[in-house]
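After this come two complexes, each holding chain A, first together with chain B and then together with chain C.
Then we have the complex of A and B:
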């Protein structure tokens, strides 16, 4: 299972997207500043839009889902239970999974932003698509909810998961890091080798690297463990 | 000075609070009442009971710049320029003065190149910057930002923080999910279940949160 991107170009508004690379099975983190084209790139991989040059080729992928940055755009039904059913899922199981038991008959728009993100994240992950893309899955969540979202993402054992995020405090374990800047996608490679090359690394990771530590992954606990190893 | 007395409104229950700091960070879990507190302080909502005074006046008598949690929903105009121009225009400033304020506010947050752009063509983070420029366009006395940084990358968030530091506002009330940012505030309010559970300097508040994920990541790794 993989997605090959070959010399794609796409002009959309002020951004021209460019990039090459292969997304294999595992968890990929795509980081980059605001307006660098992360969301547009997600639309492209989801085949909602198409490149003007180059190609996006999928191999062995039979299902794709993209979770949008603003979860309210996913809502199509007047109750939470119907919303879950519209994903082809059983509301009883899913609402327990999303920690929203007892809210089945509520209007999805009565959920807080964090709760709504939790619901949509649970639905997209439960569908277990071969290719799952999450656009800013951590924005507007509190730290406890971010930690829960990380566990849900890390729990995906198969398929390709691509996270587009600028999160700087609570991150999941990932297999590969990519950076986007000014519309150009750059593969930094697999973790941990990619970590020292990561320009958008969160401050705790940069701090650990500057001390000469070599974290094995990108979470705060990985950075702390690496610092402990060199401090003894 | 921000003074709150006997405030009861929806989930909020704040019997008494007086804060004289400039840069005040409001933190706490989702649903703890941060947004409600900020909308009462900005005068968008009238409290059911109790009073809020900013600079000795009710919020409606204070020039307030406000940026909401969902910039997507609160931007009114279709062109970035017109959005930023709305506060001076609503206050009947002259056209040359409005133009000057718009360009200065856009410059401060780094979106001068977007003035002619359509709001609908902006990214999520750029919308937050446009909303921030509009909030700062007419020299607010108090700046209120409701998780304006949650759609921003580190570099942009740092630019926003600089803009906020440099603004002439007497108070900046800022709610954020970034504890590393909150650690740089002059004063921190930690809310849970509608109440202000801890308040004080970042040192005082975070020392009580050391066993939780609300402790700043940089403190966790450096100390």
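Then we have the complex of A and C:
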């Protein structure tokens, strides 16, 4: 199961996207500042838009899902339960999973942005597609909800998961890091070797690296553990 | 047309002419062919033809009921073409500038600000529809009759929320009534001939069609 990107180019507004590389099985983080073209790249990989040059080739992938940055756009039903059913899922289990038990008959638009994000994230992960893309899954979430979202994402050990995010505080354990800047996608490689090359690394990782520590992964606890190891 | 004042004048006169009579609409169409970028000023073909289809259905019903359906079709399509042209050429802030130039810092600013917010809202609605279409496609649905209601609900709720946010933002920034800007306009070389030519369809619309043919004889 993999997605090959071969010299793709796409001009969209002020941005020209460029990139090459292979997304294999596991969790990939595509990081980069706001406006660097991450969302557009997600649309490209989801084959909602098509590149003007190069190609995106999928191998062994039978289902794809993209969670949009703004969860309101996903809503198509008048109640939360019906919304879950529209994803082909059982609302009883999923609402417990999304910490929204007892709200099955509420209007989805009455949920806060964070609650709605939690609901849509739970739905997309529960669908368990071969290729899952999450556009800014941590935006609008508080710290506890971000950590919860990280656990949900980490729980997906099959298929390809690609996270497009500018988040630099609370991140899940990932297998590979990619960087997006000015529309160009760069593959930094697999974790932990990619961490020192990561220009948009969170401050705690940069700090750990400056101390000479070598974190195993990109979470805060990985940086802490690495620092503890060198300090004995 | 660079000068938004002349563009507004031309669009208003031509729209009135096109609405008033079939002859005025034909004259306005000729003006549109001569002075605008024509097809380049139209929205996406799907959007444009959907609007034309809606007008056509109304026109056919009118014609079937003995009304002036064909005339209605011609007049409305020409108004649609003029609206598409005026919208495509409008730059951010121009409506506010024209309103302040015409009506001053108080009423003009208020009207201009409302119009400017409305125009920005149109662009946002277009993006919202595109995102909703993507979300539907991800669920395996296509935009159709059954999806009109959820998309409409989404648009109404998001627009109300944005309007509320904007109102709060204006209050936080101390906005009460009116404002002061110094509008600057640039007039292109073809702007004045185009604006003056727009008066011709305006004159045409005042004559009944048969009177013109009598005059030609």
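By our rule, the second predicted complex is superposed on the first by the 232 of 232 C-alpha atoms of A that agree within 3 Å, B and C clash if a C-alpha of one lies under 4 Å from a C-alpha of the other, contacts with A are read in each partner's own complex, and residues count from 1 in each chain.
Everything that follows uses one rule, which is that a residue touches a chain if its C-beta (ideal position, glycine included) is under 8 Å from a C-beta of that chain, and two chains touch if they have at least 3 such contacts.
Because the structure is predicted, anything quoted here is derived from the model rather than measured.
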Which term applies to chain B and chain C once both are placed on chain A by superposition, clash or fit? clash
Touch check for A:43: first (chain B), second (chain C), both, or neither? second
A:109 contacts which: chain B (first), chain C (second), both, neither? second
Classify the contacts of A:128 with the two partner chains as first (chain B alone), second (chain C alone), both, or neither. neither
When the two structures are overlaid on chain A, which partner does A:57 contact: first (chain B), second (chain C), both, or neither? neither
Between chain B (first) and chain C (second), which, if any, makes contact with A:207: first, second, both or neither? first
What is the contact status of A:11 with respect to chain B (first) and chain C (second): first, second, both, or neither? neither
Look at A:70 in the shared chain and tell me whether it touches chain B only, chain C only, both, or neither; answer first, second, both or neither. both
Can you tell me which of the listed chain C stretches (76-84, 166-174, 184-192 or 202-210) runs into chain B once everything is aligned on A? 166-174
Starting from the residues of chain A touching chain B, keep only those that also touch chain C in the other complex, and list them. 70
Would you mind writing out the residues of chain A in touch with chain C in their complex? 43, 46, 48, 65-66, 68, 70, 72-78, 86-87, 109
Where on chain B does chain A make contact in their complex? 28-31, 69-70, 72, 117, 121-126, 129, 147, 150-156, 177-180, 212-214, 217-218, 220-222
In their shared complex, chain A is touched by residues of chain C numbered 128, 131-132, 134-139, 141, 147, 150, 153-154, 157-158
Can you list the residues on chain A that touch chain B in the complex? 13-14, 31-36, 39, 69-70, 112-115, 136, 139-147, 166, 168-170, 200, 202-204, 207-208, 220, 223-224, 227
